[in-house]
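Listed after this line are the structures, all set down as structure tokens.
Shared between the two complexes below is chain A, which pairs with chain B and chain C, respectively.
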Partner chain A sequence: MSYKIAVVSGKGGTGKTAFSISLFNFLRSNLERSKVTIVDCDVEEPNISLFLKDKTKFYHKLITQDVAVIDEERCKFCKKCSDYCAFNAIVVIPRARYAKVDSSLCHSCGACYLACNYDAIGTKQYVAGEVDGYKISSNSYMYEGRLKVGSPMQTFLIGELKKELPQDDTITIYDSPPGTSCSVVETLSGSDFVIIVAEPTAFGIHDMLLVRELADNLDKPCGIVLNKVEDVERAVEYIPSQHRNDFLGALPYSVEFAWNYACGELSYSNEERLKESYFKIFSKLFINEGADCFKR
Partner chain B sequence: MITVITSTADNISAPFDKRFGRAEWFCFYDSEKDMVSFQKNEFSNVSNGAGVRVAELMVEKGVKKIISGDFGPKAKEILKKFSIQMVVADKKRVEEIIELIK
Partner chain C sequence: MKELTVLSGKGGAGKTTVVAALASLNTNTILCDSDVDSSNLHIIANPQIVKKEIFHGGYKSSINKSVCNGCAICYEYCNFGAIFKSEDGKFNVDPNRCEGCLLCSRVCKFNAIELYQSNNNFWYISRTRFGTMVHASMAPGEDNSGRLVTVVRKKAKEEALKVNASLILNDGPPGIGCPVIASLTGSDMALVVAEPTISGIHDAKRVLELIRKFNISAIAIINKSDINQEVNEQLKIVLKSSGVDILAELPYDNIVSKAIDSGKSVTEYAPDSIVSQKLLETCKELTLLLNRA
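Then we have the complex of A and B:
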């Protein structure tokens, strides 16, 4: 069976990626007969590949979008397309008989195509980003989307990235971008379970509640992990009482871990208390929270 | 000849606006008539494509020279195509710039 877990945060920098990779490493070493795939959906700044040193690239694809182009021979320079364009991608200057679409601003929405009465709008392929696939070990894989710098098409690219994933028996971890916007919604869609990695600060809890509400609206079951906690035993107190059932566990604050992370190393295995906390969370996730993949 | 100076408000003693596409106001200076007029930038708060749409406006208005703090790459492309001179300045107030080009 396949099972998809999305790791989100709301606030940035709470430890989504560190958690995702730790979960990935845990699963691939403990479930040797299952295939495990980690997917870097943070296409504006993918970084999982930095932490997986032994990898072999086996897949590469350029992802293109159909951007609008205006045929200046047919164009009557009426500006209707430009009025329809919500992204200010179209410049029409009637007296210069100039009409052009800026490809880097075009979202491929098709509004200009509908607007034009003179059949002057066509399309061309324009690169939005790329998808790469890596083999990490005999049972584990990593995929990442990489948005072209300056492209506004992150949501589109995440959708395309998901289409490139093999549709077979695998446990998939989606490492989400921060926030609660379209790109996060796209990452959550199709997932079976959502893990929110939050910080025990006013800002962290506020954003955790936003993303919790988003998961609710999408009918996704949720688990909450608190990261960088001073007192792990009392961590649950940071979570509003109505959401405490979702609490999976807490990870202790560690300067050493952060230091090593900045050097591209996930060092929890050196620290007993971190390792222990991670193990508790993973156990709870798979035994208690109805995450069916462990009940096989 | 019409020169545009990006401005933070609708009068010549206003501070110069160093942004082009997202400038608050445009000061149109007509050197033949020695006249100044102001227009609010309706694109200053759009989520994207401000520079492109303002560049379009400049071409439509027949502007020949624009004085601002910087020009984005997309706006630059259009202004260059229509031979509108881009001047990068670092002055405090709009009237100082008008004095310089008079």
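Then we have the complex of A and C:
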């Protein structure tokens, strides 16, 4: 069976990636008979590969976007294409015999192509980014999207990244970009369960509520994890009462973990408190909550 | 008048903390929150809204089922996979996938496509104890955040001209994608808040590459500089070799989150803390740098 979990936060830096990788490591070591895949959907700033050092690249693809281009030899400068363009990407100045598409505004929708009566519109491929696939162990994989610096097509790239994923029986973790806009919607699309990793600060709770609303709008069941908490026992009090049913657990703030994280180590084996908190969350997620992927 | 855009690449590095501190230390400043889809600056600035305007962004399509005859031409033309066939043989639009290109409405021969605009996005001009603030709110899941950023920045510039402000402090979004590009283009200077972690270094490099592409000069503040000294040295080497001056190294202090929780900037909440003292020096240095920019 396949089961997809999206890890989101709203606010950046709450610990999405660290949580996603810890979940990935837990699943791949406890579910030896299942295939587990982690996907870095934060294509603007993909970080998972920094933490998974033992990996073999087996897949690479350049992701391009077909941007419209105008052939000024054929163009009659009638402006119909710029009227059709909903994104103000086309500038036509008949007197100067000038017609150009701004590639950074073009959405590749094809409206200008339909508009043109003179066969003057073609396409040119622009690189939006790349997708890489890595084998991590006999049963686990990592995929990463990496936006080309300067490209505004992050949401398009996330969609293309998902098309490259193998469509077979696997447990998949989508590590989301921060925020609550279209790139997060694209990440959540197709997921079965959403985990919100939030920080117990005014900023963190504010953004957690926004992303909770988004998950609701998309009809996704949700769980909330609080990270970097001083008093784990009382962490639930940070969550507004109407959302406390979603609470999966809290992770304590640890200076040692922060030091390790800084140099790319996500180990918490020497940290009993953290280890215990993680285990509680994973058990609640998969046993008590009955998220379907453990029921096999 | 100068515009300083604060970015970080990686989220949670401390952009808003730095912006709020600089806002409380500077006078004659306009605040601009370009992180429109999960904005936080208002939590500290506590804005009193003076003007509220709706931001429509683009259109979305929907299909009038009583007119649709199921010919599928819209489905064939849509490049975004936003149109799907429903059980009754007619077609539907997934609003989360629709990009508002209107192509379906142009190819439909039965006028079955109706267009509507989102009424859930707003921009505001507000009074705060730091001066005028221009900000926005987006309903979760909305697109066009880049266009809204452009509107917010334009309004901030108009407000700055009205009161002859010397500085626009622009709190940018995380990442390097479309809303970041919209918050950066045409700024006088970019301030990168970086964190000494390997992901912080990776993300800072990418945002600096973006800033360079737009020929904007960059300076940096290192936040939480003491969480790992070794990695901090690596970060400093990366910044210096990119020609980026480091204005300050702020140590980790949970007084920063306490300040946030009490709705104050760290310089208001704990003016004698090391973090606040360093931010005060930074603020003076920034003023000199911006005057030269």
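To be clear about the criterion, the second predicted complex is superposed on the first by the 262 of 296 C-alpha atoms of A that agree within 3 Å, B and C clash if a C-alpha of one lies under 4 Å from a C-alpha of the other, contacts with A are read in each partner's own complex, and residues count from 1 in each chain.
Convention: a contact is a pair of C-beta atoms (placed from the backbone, for glycine too) under 8 Å apart; a residue touches a chain by one contact, two chains touch by 3 or more.
All values reported here derive from a predicted model rather than from experimental measurement.
When the two complexes are overlaid on their common chain A, residue A:Leu214 makes contact with chain C while staying clear of chain B.
By the document's definition of touching, of the two partners only chain B reaches A:Ala96; chain C does not. In the superposed model, A:Phe87 lies in contact with both chain B and chain C. Legend: residue contacts after superposition of the two complexes on their common chain; A:Pro152 is shown touching both chain B and chain C.
Greater residue coverage of chain A by touch, when chain B is weighed against chain C, goes to C.
In the superposed model, A:Ala111 lies in contact with chain C only, and not with chain B. Shared contact residues of chain A, touching chain B in one structure and chain C in the other: 87, 104, 152.
Against chain B, the residues of chain A that register as touching in their complex are 87-89, 91-93, 95-96, 98, 102, 104-105, 152. Contact residues on chain B toward chain A in their complex (touch as defined above): 43, 46-50, 52-53, 55-56, 59-60, 74, 78, 81-82.
Note for the complex: chain A touches chain C at residues 9-14, 17, 42-45, 47, 50-51, 84, 86-87, 104, 107-111, 114-115, 147, 149-155, 177-185, 189, 199, 201-203, 206-207, 210-211, 213-214, 217-218, 255, 258-259, 261-264.
Of all the residues in chain C, the ones that touch chain A in their complex are 8-13, 16, 35, 37-38, 40, 43, 58-59, 77, 79-80, 96, 99-103, 106-107, 138, 140-143, 145-146, 173-181, 195-200, 202-203, 206, 209-210, 213, 227-228, 230-231, 252, 257, 260-261, 263.
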